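Alright, structures below, take your time with them.
Two complexes are shown next, each including chain A; its partner changes from chain B in the first to chain C in the second.
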Partner chain A sequence: MKIVGVAACTVGIAHTYIAQEKLENAAKKAGYEIIVETQGTIGTENELTREQIANADIVILAIDVKISGRERFEGKRIIQVSTDVAVKSPNKLIEKAKEIVESNNESK
Partner chain B sequence: MKNANEFYQVISHCEVNSRDDVFDLISEHVSQDSRFSSKKELVEQLKQRENAGDIQIAEHVLLPHIESPLLKQSQLLFLRLDRPLRTWNEHIENIELIIVVLLKENDELATKKRIRSLMKKLADEAFIIALLSAKNQATFQKELTEI
Partner chain C sequence: MEVKDIVDVKTVKTDMNVMNKKQALKALAELLYQNDYITEVEGFMKDIYVREAEGQTGIGSYIAIPHGKSSFVKRIGVAIGINQTEIPWESLDGKGVKGIILFAVGNDNEGARTHLKMLSLFARKLGNDEVVATLLAAKNPAEVANAFA
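Presenting the complex of A and B:
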């Protein structure tokens, strides 16, 4: 499974980066590919390419604020949660992403 | 016991019994490095951030943080509590470590990157456990050598 995501919190210095790291670690532990863009006080980092988004099975938005470039994900399966969900329950979030992708594949 | 560093301070043996005590302690340690007109102003900012989203990042650990033009310099405070704070609010309890991030608005990129580096470390459960289980100031300090 290929996952792309965006992490962004209100101040943009704390939860953004913890959420990114937690999501990356949880996905890798589960054997999935993941790239998480951060939109924080430093600016946008790890910016997702069009190709990465196109190839992704699912998008995880761990965000507490409006993000720039949300339209890039139109037509993709999206899970949107607050950053604290990604910080506190990253494994469950990745599991949920897997379930959504699998149920979608089965219904095809 | 306080350990001074240009970037962060580790304050051990904090005796606090309430959320307000914690805010008092934070105010005490930033007052010299800020342009906040009153303690209340800083506390209000911290509360506003807390209202916007959960500040608990792991069991026993809180991460209050703000970005403000009233701060003269960015600063990290590690408050190590002598006894766990039983109740922070109706959802958060048994707090042992409070990491306060005070970011000066528009601070230089290098400072923001240092804070980002610590945040990424805080995503590592083993690092959190090491901080929580550090027996003394020196051991705790050792865990922070990379930031």
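Presenting the complex of A and C:
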């Protein structure tokens, strides 16, 4: 499974990056590929490419604020949560992503 | 500049012994003031409380990351306190905290890009369980800095 994500919190200093780290570790532990873009005080980093988004099975948005470039994910399966959820329960979130992708594949 | 350079051993206190959040923030803000990171303790704390009011800054695993942007910040930095006992704090896992990392960031960050980048990498490390375990077990400021190496 391939996951792309965006993390963005209100101040853009701390939670954004902690959420990124937690999501990456949880996905890797479960054996999935993940790329997480961050939108913080410093600006956008690790910006997702069109190709990465196209190839992703699911999008995880761990965001507390409006993000720029949301339209890039139009037509994709999206899970949106707060950064708190990504920081608190990253493994559960990845598990949920897997369930959504699998149930969607079965119904095809 | 490396990530661990964000940690200034002069603004780390591993033998902190406070009873609550207010005392912890005050002790850490004073360290920032004494070492020329902020221009005023009171005003800075007010700005920190703005973020505290918005949501939990306890991220679980006994760690809290109070932060906020403040015009009282002269230069980007962090103050770290490892408290002897767990103190009450609004946290994601409902537990108290022992390790408090107070972030100091100004409103205007022109020219501070390198520091801001290092700070984001520093924050990222707080999402790593091993780093957090090493941090909480640190006995002196040098060990705290090494947790982020």
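In this text, the second predicted complex is superposed on the first by the 108 of 108 C-alpha atoms of A that agree within 3 Å, B and C clash if a C-alpha of one lies under 4 Å from a C-alpha of the other, contacts with A are read in each partner's own complex, and residues count from 1 in each chain.
Rule of thumb we're sticking to: a residue touches a chain if its C-beta (ideal position, glycine included) is under 8 Å from a C-beta of that chain, and two chains touch if they have at least 3 such contacts.
All figures in this text were calculated on a predicted structure; none of them were measured in a lab.
Annotation for the three-chain superposition on chain A: chain B and chain C clash.
In the superposition on chain A, A:E33 makes contact with neither chain B nor chain C.
In the superposition on chain A, contact of A:T10 is made with both chain B and chain C.
For the contact definition in use here, the residues of chain A common to its chain B contact set and its chain C contact set are 10-11, 13-18, 20-22, 25, 40-42, 64, 84, 87-88. Chain A contributes residues 10-11, 13-22, 25, 38, 40-42, 45, 64, 84, 87-88 to its touches with chain C in the complex. Per the touch definition, chain C reaches chain A in the complex via residues 51, 54-57, 59-60, 65, 67-69, 92-93, 103, 105, 109, 113, 116-117, 119-121, 123-128. Residues 9-18, 20-22, 25, 40-42, 64, 82-84, 87-88 of chain A are the ones that touch chain B when the two sit in their complex.
Remark: chain B residues 49, 52-54, 56-57, 63, 65-67, 101, 103, 109, 112-113, 115-116, 119-120, 122-124 touch chain A in the complex.
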